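Consider the two complexes below, in which chain A is the common component and chain B and chain C are the respective partners.
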Partner chain A sequence: MMQIIIQGMLLSGLYALIAMGFMLIFSIGRTLNLAYGAYIMVGGYIYFWLSQQLGMPKIVGFGGAVAVGALMGLLKHRLIVKPLKGDPVAVEISTLILAVIMQSAMVLAFGDASKILLPLIPGVVTVAGAQVTYNILAATIMSWVIILALYAFVRGTHTGRAMQAVSMDEKGAAISGVDPDRINMITWAISGGLGAAGGVFFASYTQLSPSMWVAPVIISVAIVIVGGIGSIIGTLIVAHIIGFLEITVVAVLAPELRGVFTMVLIIGVLIMRPQGLFGREEH
Partner chain B sequence: MNLRPHHFILWGLFIAGMFLMPELVGKGTLRTMIFACYLAMFAISWDILSGRTGYISFGHPFLIGIGAYTTGILTRRYGFPVEASIPIAVLVTMAGGLIVLLPALRIKGSYFALVTLAVMELMYQLVPVVRPDLTGGTRGISRLPALTRGAENGYYLAVGLMLAVALMAWLLMRTRVGTALWAIGMNEESVRGSGLSTTRLKSFAFLVSAGVAGMAGAFYAHYLGTITPRAFFDINVLFQIIVAVLIGGAGTIVGPIIGAFFMVFLLEWLRPYLPGQERFFVYGLIALVIYMYQPRGIMAIVEGAWTRLRGARS
Partner chain C sequence: MSMIEIENLSAFYGKAQALRNVSLRVEPGETIAIVGANGAGKSTLLDSIMGLVKNTGTIRMEGQDVTGAKPGDMVRRGVGYAPERFNLFPHMTVRDNLLVGAYTAREDIDKNMDAVHRLFPRLAEREGQETSTQSGGERQMVSLGRALMTSPRILLVDEPTIGLAPKVCVEIAEVLRRLSAEMGLTVIVTEQNANFALSLASRLYVLEGGHVTAEGTAVELAKDDQLAKSYFGA
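Our next item is the complex of A and B:
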């Protein structure tokens, strides 16, 4: 029981982090940014390359991954999303193509086989009878630090509030003196960085492989939609629902069924209540 | 689209050329073309639903997979003859698709795309786990009965099927229903406003699309002889289908065929340099550039060039 609760908390924190970055973009453009999966995957690989193949300190690897993720977000916005402005279908499809391009780029650079990331921090600790690696503990704590920082940023700073304004009504925000273009760029960059950071943790939690991005992307999209677009609290709650659901299924039923219930939950909620559990009504 | 004599002449030449192909090229090229024909059928199936109505389906591999698995299980596990198992596979695909995706038609845009993507991922996770004695688990089902012997017969079958599917799609699009489907893609509200049931229209488009996908999937499974979850419920399959439609030209009949052949042959030419998944890197870049330059695909580029050429001459 304790094992389930602790493991559930840990996995949920990770999911919340990954979903957060996706939420930023989805709440602005309502675009299903499948390339978000690419940030997750590329983040993991950059970290692997810098820290394990080049032997640099882990913090450099992590910083490098976040920087590359942010850069990818920026480029994506500049080169693809902006020229296609106003056409969500085109953006969706171009992000699918981009995701596959990045996936094959990683195969090209690192090969097809999956890789094991060395733990961020080695060691195991026993909490209330449950075995917890320092690695996943560190990942969860860092996820929470990043989430809280993001929350403070969005709520407390001028730029953060402008991001919210643009996500609610771009024209209205522009009239009140916010430059939506600049805000969009900042949002894409932050989203890319968050995705890459989440990717490093996620890869160290499972493993690193070129096709690792599909499941987290579906889960994060689902968390965001089920949680309600633009609601940070909703995202957090649903991340925990899904995290605990997966851990419970693995512990009680069978590990192979892990993803099945998540997908069923997602499909069910999307069909019955497309506006999500905590979101504002969409038109 | 107005029909002109030259349309029929071009189509006649195209069909004649396709059927003469075995005389002209080797067995290896023929096999590539067979694959292209099946991909073209998948692409047409996708285009009937998504290219026309604008409801982007990320779940077509799911439909194709149902068709393939149904016929695979029926023939290998229950000893059905192929003549019975393929029609059953088509029906099962239509029914399965309807049950899963009909409710999804209530939701729009990104939500529809996401639900279909989730369904595909669900199948990928379910198929190896549920009744592995039937599905063969992750290793799939092998030694499916072959329909034809030799590359030439397989080729004739694939080309015949593809042309039949293309003809069917063409006839469908010339009816009032086809026009209504187009109109949904442009403005769904106004279609509903003119007194048509958009739900019924979309369900119909979905059924046709699923039927074609199931049939193509079933024949493809018998052509391959082996089916595995990774070969069907995979994002790369989805990518190939969608890209074939888009770079060929969505909403046309020839477009998906051109796109599929372009795609398969490009991948084939790249094989000596990049053996595996890396080919999609080059391929994806080309697709992205074409798509960004002209979202309506090669068809529109060729048409544009043709018009400009004629304009320059006169």
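Our next item is the complex of A and C:
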């Protein structure tokens, strides 16, 4: 029982971190950014390259990953999303293509064999009979810190309020002196940085491989659909529902069924409450 | 020097022309009204001044050419806008809506917030309420308040009383009068009802089919029988 609670908390924290950047773009940029997984994958690889291949300090590897993720988000807004403005299908298709291209680029640069990422913080601690690596503990703490910081930023700063404003009424934001373009660009950069940070922890939780971007995108889509648009708290809660669901299914039923109940949950929510558990009805 | 001076302004939505060679001016401290029926182009005119609609012609503000300026530039130059549909942020509180208005005027937040609360005491009482749950009158107050948070010198107000109860209309009109008298704001207000417009404005422009068909003071315009019939309910 204690095992399940601890493992559930840890996995949920990781999922919340991964889903946060995806939710931001979905809520503010109104884009289902299927290439979000590319930030996660590239984040993992940049960290691997800087800290394991070049032997730089881990913190430099982590910072480099976040910076590259943010830059990718920014470029994607400039080069793809903005020119295609007003055509969500075209944006979604091109972001998906971009993810596949990034996958090939990673194969070219690093080969297609999976790699083991050395943990950010090595070591294991036993809590109430459960084996907990410092690495996933760090991921969980980090995701809580990032989520709280994000919440404070969105609620308490002019830029954060402007992000909410652009998501709710672009014209209203523009006549308040907010440049919606600039705010969208900032949002894409933050999302990319969050994705890359999540990617470093996700890669060290599983392993680094050029196809590792798929699973986190599915998890993110699930969390955002079930949680609903525009709610940081909703994202946090649903990340925990899904994290605990997976851990419980694996422990009680069978590991093969891990993702199945998540899918059932998505379909159930789509039928019963299309705006998500914590989302608001959009008009 | 005129606060705003417009020459030969034309605006298009795709191929449809919404404004045809509109020329008008408003002097500092003056209140003018744009009167016209539904679809005459009133909102398009205000959107054009704000830089929200593509157009041809010239717009000058205090002598400087601002044709093609972006909305953000216009806000920084001192243009506040309370649009017809309010365009509030529905799932944010009254206070947060007002604070977004302060995006470019962060040094003036305390001063402007006090002024808004003095004009609309109700907004102070309801500062934690989401605007999606408010009445039309309250939303109009938030909309005007948000515009005032930008530290404007000229205020564009699009049909401020449309759909509001008569009592609320009187309240809004009173506030617009005070903004002009006490704060020296320049105001452009649009209206379908010329009588209401005349209770505020010194001069009127009549807009028909995107074209200015008459302009002048109340006395001048009342002489025209046809106009009086169409717009003054005579």
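The criterion applied here is as follows: the second predicted complex is superposed on the first by the 280 of 283 C-alpha atoms of A that agree within 3 Å, B and C clash if a C-alpha of one lies under 4 Å from a C-alpha of the other, contacts with A are read in each partner's own complex, and residues count from 1 in each chain.
Basically, a residue touches a chain if its C-beta (ideal position, glycine included) is under 8 Å from a C-beta of that chain, and two chains touch if they have at least 3 such contacts.
All of these numbers come straight from a predicted model, not from anything done at the bench.
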Which of chain B and chain C A:Ala38 touches, first, second, both or neither: neither
Touching partner for A:Arg161 - first (chain B), second (chain C), both, neither: second
First, second, both or neither for A:Ile242, with chain B first and chain C second: neither
Touched partner set for A:Ile223, first chain B, second chain C, both or neither: neither
Partner chain(s) touched by A:Ile18 [first = chain B, second = chain C, both, neither]: neither
Chain B versus chain C as contact partner of A:Ser94, first or second or both or neither: first
Chain A residues touched by each partner, larger count belonging to chain B or chain C: B
Touching partner for A:Ala174 - first (chain B), second (chain C), both, neither: second
Doubly contacted chain A residues - partners chain C and chain B: none
Chain B partner contacts - residues on chain A that touch it in the complex: 30-32, 80, 83-84, 87-90, 92-94, 96-101, 103-105, 107-108, 112, 210-211, 214-215, 218, 221-222, 225, 254, 256-260, 263-264, 266-267, 270-271, 274
Sites on chain C touched by chain A in the complex: 50, 52, 70-72, 75-76, 81, 83, 86-92, 96, 99-106, 146-147, 149-150
In the complex, chain A residues that touch chain C: 158, 161-162, 164-165, 168-169, 171-179, 230, 280
Complex contact set, residues of chain B against chain A: 54, 56, 58, 100, 103-104, 106-107, 109-111, 113-115, 117-119, 121-122, 125-126, 128-129, 235-236, 238-239, 242-243, 246, 274, 276-281, 284-285, 287-288, 291-292, 295
